[in-house]
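We call the chains A, B and C, going by the order they appear; numbering starts again at 1 in every chain.
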């Protein structure tokens, strides 16, 4: 197997993992729509029908919590977690990759392992007493919600392995492998676009 | 010899309840002569309030100063330790039930069934919590139907049963929500804490007397392993300081509450009323519905209720027969 | 080394290590877990399993859960979603040109229109980068073609695009509320006048500059001006709906109809309706907005997971107490404390962005407010104004980089920086004004919600 083939295989694995993180993050992303409609419904029934629900508050909290927690790996797969990159961005790629590689091992994995392992213990506690929310008489279950912590920890660890492989490739080749495609922020899209190709805007009506 | 330091987090960030926690800590620290020191941390410093019991159970905190209602998410029975139905007793007698009426044993049984590694002492008999702050005086049960009310715990179930709409709100939102009309009424705890919260700036009607939370008290809880690792005399100090603080709380807080109620009335233009008897009677009926429902779902809850009822019937039977009508004497002197 | 000294070491190490460029959320989390391991270390481990029996691991999980159940932070994904939907609703070009035509008799009409568009659009969308780049493509060429001086035109866009993090409804204020355990309602009410004041001062500055030096901003040619009816129609269909949406969201919060999270949900729904109204509500755009919301929410909230764990350990070791002791021993007057705190935040704004400053550094100052008798809402507004500068101070003025990124060779970075400087001065002037007249911030919340009691 040539070196190129080997690298292509590694990149395939990296992209497969990124695909998983992205898929899970996007799936949980839809919580925002449920959140939007559920909360708007609550405001409606409270003011128009003067009859607030007992569940809206807990649904709101759980949709938000699940959304951000389970999108953590997705954001990591898209390099979406904010970096203090004043100096970092000036480093050559090999140096960036080496620093990242070491720090993933040193900073990232211990915490994620703790989220996975101990989060599991805490979730198990919660299942034992069939824990419910204290927010309302509806007593919405929260043990499923707490179980998301170890699941997120596991997902982040898997994505972390992909990041390690990515760093390894960059340390060898001197350039960062491409990430898989995804929807992008307006500013990133516009900055990367060839703006000279954009037709100059004219006042409407001309 | 170097002493042991226990990290205790309070559920309070300030106000009179933090003073109460400090007062317990002061008793322990002074009695132990340096062999044991409690380091008191304010609310949220290590974990948020909802996580306090877990934190003590796991040893992340050595101890916590809070109320049992804060772990009611694990078992509805938690609310029977302080915010349960009123069987004609006050918080003093509920504490009597804990110490001499089988309450402690039931509590231990509950902790064992939940698998929690904690040791708790109960103290500080709170006077009944006011019905709260309203937009206009409550004169009948009809007045409160459909009202958006902020409360917590089993009290929420009770008032929901009475036709109120119970709204969940974060603590800091209560005052602005009341002023802006998001809620029609709210309750916290007592004249001092309510005044500290600035409720008098957003409402001028204060309804005293209610059965929704008529007999609450504090729980001082320790990590069991940590507690058992202490020398017997230090364990005794933690326990007896709790008993001492029980009396201190009552003397200290009732005076402060009375003074602050007068400030609210005399200087801050708050009209204070007593909740009408028929509204209170309706609260008792609502409590019956809630208690019966939960007893049907949870045999342990039912067992605790039975124990409480038997104790209250006995002890309050004696007290009621024996106690003179203190109100009569009060009226005799002050009209 | 005493525990509080270890806490200070922890903070210093963080400041150095963050420069290595590793994602900040995980750096914070690692420092929290590492130093927490020390803080909760009890006994020499005897077995391999003992190595892992340390309470910090439970603390990390409990803090993660606390972020998950925080009812203030719920508003963040909702406001982000509203922003992404509005941003993709093809609204900004209509908005800008109709404002331009409506303001055409004012000196520097294009610049005033650009400022207003930035203010309205960034308030609705809340995402500085998107506003600056969109306006960079739209308003900058228009100003350049009209013969505006380049750095003057660039400054307008960068400063205007940053206003959205201050003018409520703003995500930054929600984050602040979660950090300081303050009421988002009161914070929103407090920010209304400072936000309007700053925007107003920007506009006054533009007009005065152009009056003094008309060559900065030539008047539009007559043949470029469409008929009056056209202008009013454009204004009606672009400016009005967006402003109404903002006013409804803010009004329902301040008017007591809804909590900020609830208002944000209705705002998101309103954004969808608005997009439908502009015929730009496609399934694809909804999907894009959903996914972008997921990523951005994860970014902000994982930062909270890291920082709450960091802060728990810092506090457990006694870090907050020692800093508080130091400051109290310095025998500062309240005004000296305020100036010192704001100076530090200003300096942190050079290398860092608002979210990092708020989540990591502002909590260190908060416990001291009580000692100096400073109203936390007043302090919050000083910080909020100050954080405007974090986008505008070279060398790391993010607004300038966004603009440069999209304009590429059309302008030099140094020209943008030059254009920014006057706005920096205006922000500082605004802070001084607010210090002199705290009522600018405090009158409205007190009026609406009753006098604040500490």
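Everything below uses one rule, namely that a contact is a pair of C-beta atoms (placed from the backbone, for glycine too) under 8 Å apart; a residue touches a chain by one contact, two chains touch by 3 or more.
These numbers come from a predicted model, not from an experiment.
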* Asked: Ranking chain pairs by contacts, what comes out on top?
  -> A-C
* Using the mean of all protein Cα atoms as the middle point, what chain has its own Cα mean nearest that point? -> C
* To do: Please report how many Å separate the Cα centroid of chain A from that of chain B, as a whole number.
  => 41
* Asked: How many angstrom between the C-alpha centroids of chain C and chain A?
  -> 22
* Asked: Which chain A residues touch at least two other chains?
  -> 57, 122
* Structure fact -> Residue ranges of chain B touching at least 2 other chains are 50, 54
* Asked: Of all the residues in chain C, which ones touch at least 2 other chains?
  -> 56, 58, 62, 65, 69, 71, 257-258
* **In the complex with chain B, residue positions of chain C that touch it** => 40, 55-56, 58-59, 62-63, 65-66, 69, 71-72, 181-186, 254-259, 312, 315-316, 320, 445, 448-453
* **Complex contacts: residues of chain C adjacent to chain A** => 18-27, 29-30, 33-34, 52, 56-58, 60-62, 64-65, 67-71, 73-74, 76-78, 81, 87-88, 93-94, 97-98, 100-101, 127, 129-130, 132-134, 136-138, 141-142, 145, 224, 226-227, 230, 234, 257-258, 261-262, 265-266, 268-269, 272, 287-288, 290-303, 351-353, 355-356, 396, 402, 405-408
* Structure fact -> Residue set of chain B touching chain A in the complex reads 50, 54, 69-70, 72-75, 114-115, 146, 148, 152-153, 156-157, 160, 165-168
* Structure fact -> Per the touch rule, the chain A residues reaching chain B in their complex are 46, 50-52, 54, 57, 122, 125, 128-129, 131-137, 142
* To do: Going by the contact rule at the top, pick out the chain B residues touching chain C in the complex.
  => 7, 13, 41, 44-48, 50-51, 54-55, 58-60, 169-170, 172-173, 175-177, 179-182, 196-198, 201-202
